[in-house]
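The data blocks that follow each hold one structure.
Below are two complexes that have chain A in common, paired first with chain B and then with chain C.
For the complex of A and B:
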């Protein structure tokens, strides 16, 4: 089940919200949410619930094992063993095929990746790290721990909420009209971003796959760049929005990343929960930037290698991660002062260009295709500057591109604030009317089958 | 002792993981046979009277299947609106398509049952005995009187020469 399924939007979610509202007692609410979350997870493949439960039990017991151990050396060994098992499970499902390709092992073995495995494994790792570091006490209540890991609002594609951020909310939550309202706004925004923008841009991307003109390849790359943003941020908005219906308040996962003026700034705004996870649980334990220069460079490469690898089992993702590692080092040691002195539009264009190049690696099936695409973007290997197909797609989807570019900036938010201040309640009613109309259009698209699964589902 | 109780419990969880992961190794091997070969052997000596091969649009319309997602799909459906007879042969691009295909076909069977249960009990009976079977990279769905024979021939052609 995904958030854009009709059965989720019109059946699962409303029933879940209604039942949660009817049950006042938080303890009973938590039991209900665990049952609903396991049902949600089992929807695609019931066998994966077994994996989820085993993973929960493994980490639940690990926390107590760590707490009971007084010897620091043994405690560290226990932590390492637990982390290795978690990563082995993740690696088995996600990277076996990749490893077999590297080792040239021929086999019919094809292992499907359970939905959300990368996300809930990282959530659980944050829990055992928090317990090991003394940041959190082991959660004695298995229902609460299961809810933390399996909550259907975030299990499929995040956000990756650290345990210490969600700990209090597991026991104490309030449901207010303001939460329902802001949740509804976020769900609407997310659905609109996904169905009306991301899915339309995905058509452009799929049609221009084999285009041999320079314009066509640029449109291909730009459409993917915009598609992945609206797809993933749309999902995140829906996840955070529907979580509010159950009293959970999660931090935003995106903050207009395409308005960034440096690569470092970009990564403060893109998939924020993942960046923070790697910062808190890998970068800082390695020493962060409080080390000598060589160790710092090593730390950056380790973190970004892992970031790339987390996204997928392909050399293109690893290269994408290392590419950003190199750029961050470049900015840190050479470009930072220069970027700060440059006019904002120039540093903005620089950032968009380097991010676009990164997405070319990300979207390509292999490294050769990635470099070939980059070559075509500067005219190498193209047949013409703009062929009929590219011109047709640009003309047909011009408004989609313009809207997508504008809405990826803070223009909409600024207009909304201005209009609300000027027209107060009239503006609120008008906005709600527009949202409702757009929601109906989204539903029509979904019913018509003209929508696609979320991109980040694959990670 | 308290220290070790959790280690013991984790041992059981580890056994659970090993059992679960090992299920990934018990799978039907993919067949190297072409769709033409599989089709011809599956429908050998099977009466296809009143059934005609359908196009991609019909697959999307009746089965909610997008043929472009699969390696190959063959769909035969009865020309008689009062008949539920139909069959599908599919060659998957990868195993992750197996479950979604099965779910889509089960939905089709359920819808068809709802249509025929009221006024065509014989057709409803055929639907009750519908065959949905998957072996490696091939799948079959059949609603026909001789669906079992088709399935036997389907399994036989896939296992031949492997």
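For the complex of A and C:
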């Protein structure tokens, strides 16, 4: 099940909220949420619930072992074993095919990636590390631990909330009206971003796949850049919003990343929960920035190699990660001062361009295609500057592009605050009406997406 | 810092959306399931019954998702909202259909090249096997070709004229090739194609008939030879269904010869006989184009009360359905088969029905994707 499924929005979610409201006791609520979360997880592929539960049990018990162990050396070995087991599960499902490809092993073996595996494995790892570092005590209550790992608000696509951030909320949560209301606004925003912007842009992207004109390839890359932001941040907004319905407060996962003025700035604003995870559980343990220059460079490459690999089993993702590693090093050692001196718009354009180039690696099926796309963007290998397909898509989706670009900046928030101050209740009514209309349109688009009309009766 | 007014907005939005969501859920669950959708032309998913195997494989939950969206309240209205929004925002193409000032126009179909080659070879072989028969071949161009200049600016679609040229070039010269494009292009501003359907109108069929008559040695006619009856003015066809278009409606006219011509039509699948090819009950259904012939069936026999010595075998798709009224007075009998549904031995038909003429009549979009003609012609 995904958050944009009608059955989720109009069955699963309302029923879950109503049941939680009925049960006021937090302990019972937790049991309910665990049951709902497992049901949610089982929805797309029931068999993988077994995997999820095994993974939860493994980490639940290892944490006690870690806690009980006083001998530093044994403790470290234990930590390594438990991390390796987690990574093995992740690796088996996610990277086997890739590995066989590299080693040229021919096989028909097709392993489907369990939903959210990369996300919940990282949540569990954060727990293991938090316990190892003494930041948190092992969670004795298995219901609470299961809830932490599997809560349906975050299991499929994050945010990756580290254990110590969620620990208190597992036991003590209050459901306030204000929290509920802000959750509703976030869900609405997320749904609008995902359905009205991301899905439209992703259609443009799919049409332009084989375009051979310069304009077409630029539109292809830009539609991907906007699509992935609205898709992912929309989904994150929905996740954070609906978590509020159950009393959970998670930090924002995106903060207008396309307003960044340097690559470092971009990564503070993009998929924040993942960057934080890598900072807390890989970069800092490796020594952070308190090491000599060579170790630092090595660390950066390790972190960004892993970040790339985490996103998918393909050289393109690894290259994408290492590309960011290089850019960050470049910024740290050469560009930082220059960037700071530059006028903001220039450093903003620089950031957008390098991020766009990054997305070209990210979106391409292989590295050759990525370079050929980049070539076409500067006119190498194109047939013409702008062909009809590119012009047709630009003309048809011009408003969508403009809206998407505007909404990826802070303009919306500024306008919103301005009109509230200026027009007060009138602005409230207008905003309210716009939200309601957009939500109805969202639902119409989702229903419309399931609409398959045949010329002749289909049996 | 939370803004006071943004909290007011949030809390009132929350109330309305919560109530609306719960109401929608209740209505969706309470309203009995619909078995099929007329606008989508397909069966809808009803509430899946418990099946342990399906539950374990995940099929059951998949069916539940489909059930919920298929049975969603006001499902058909949602597609209209989507259409209106897309249209307002400048979208000019929905589901391979162009939105033009002349109505909805389907994109050129992508040919199934291998199969097309097979079909054309099968037609050539057919002519070789029956050298004594007068064999004609018509590919009706679609709106995308005739109304090319009305397509949206920069619209990209395959070149149908090239496709049709290619089809004709591969047919043996012993086959009478009838090319309707020049005639139809002369009348391109007229009402040749339904604005909401993938078929052509009776007017286009009338023009097409004149071309066919000239090359196939039939009598040409004038518009004044017919009484034209508009049988409906609120037809919304397949393209309207696919796009969800709003406020575009078509008129269906039927051309009845003033010189009365009696005939009996037999639908061989049901053995029903009738004295008219028109099905007025179709006007009460969604697909009003089935007013012609009652839709596509495997085999019809039309026996005409006249002195003609010619017996026609018409191998056709639905474009021919509105052409048949013009052909009827010219033949003593017409045997109509649709290769997509006909699985019997056509050779016996040729013998039993004393066939003298054969006409292949398809529209280009269907013909380039057809997968049944060669199989039928090559069957023993």
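Just so it is clear, the second predicted complex is superposed on the first by the 449 of 459 C-alpha atoms of A that agree within 3 Å, B and C clash if a C-alpha of one lies under 4 Å from a C-alpha of the other, contacts with A are read in each partner's own complex, and residues count from 1 in each chain.
As a convention for this text, a contact is a pair of C-beta atoms (placed from the backbone, for glycine too) under 8 Å apart; a residue touches a chain by one contact, two chains touch by 3 or more.
Since the structure is predicted, the reported quantities are computational estimates derived from the model, not experimental observations.
K.L.:
Taking the superposition on A as described, I'd like to know which of chain B and chain C A:395 touches: first, second, both or neither.
P.N.:
In the superposition, A:395 contacts chain C only.
K.L.:
Considering only touches as defined above, state whether A:425 meets chain B (first), chain C (second), both or neither.
P.N.:
A:425: touches chain C, not chain B.
K.L.:
Just chain B (first), just chain C (second), both, or neither: which does A:142 touch?
P.N.:
neither
K.L.:
Once the structures are superposed on A, label A:50 by its partner contacts, choosing first (chain B), second (chain C), both or neither.
P.N.:
Touch status of A:50: first partner only.
K.L.:
Counting only touches as set out at the top, which of chain B and chain C does A:62 meet: first, second, both, neither?
P.N.:
Once the two structures are laid over each other on A, A:62 reaches chain B alone.
K.L.:
Which partner does A:178 contact after superposing on A: first (chain B), second (chain C), both, neither?
P.N.:
A:178: touches chain C, not chain B.
K.L.:
With both structures placed on chain A, which of the two partners, chain B or chain C, ends up touching more residues of chain A?
P.N.:
Larger number of chain A residues touched: C.
K.L.:
Contacts for A:85 in the overlay, against chain B (first) and chain C (second): which applies, first, second, both or neither?
P.N.:
Touch status of A:85: first partner only.
K.L.:
Between chain B and chain C, which residues of chain A are contacted by each of them?
P.N.:
44-45, 47
K.L.:
Enumerate the contact residues on chain A facing chain C in the complex.
P.N.:
On the chain A side, the touching residues are 1, 5-7, 9-11, 13-15, 17-18, 42-47, 177-178, 180-182, 184-185, 188, 388-389, 391-392, 395-400, 416-417, 420, 424-425, 427-428, 431-432, 435-436, 439-441, 443-448, 450-459.
K.L.:
Quick check on the complex: what are the chain A residues that touch chain B?
P.N.:
Checking each residue of chain A against chain B gives 44-45, 47, 50-51, 54, 57-58, 61-62, 64-65, 68-69, 85, 89, 92, 108-112, 449.
K.L.:
Flag every residue of chain C that touches chain A in the complex, lowest number first.
P.N.:
2-14, 16-18, 21-22, 24-25, 28-29, 39-43, 55-58, 61, 64-66, 68-70, 72, 75, 77-79, 81-83, 85, 89-93, 95, 152-156, 198, 238, 241-242, 244, 296
K.L.:
Which residues of chain B touch chain A in their complex?
P.N.:
The contact residues of chain B facing chain A are 2-3, 6-7, 9-10, 13-14, 16-17, 20-21, 23-25, 27, 29-30, 64, 94-96, 99, 136.
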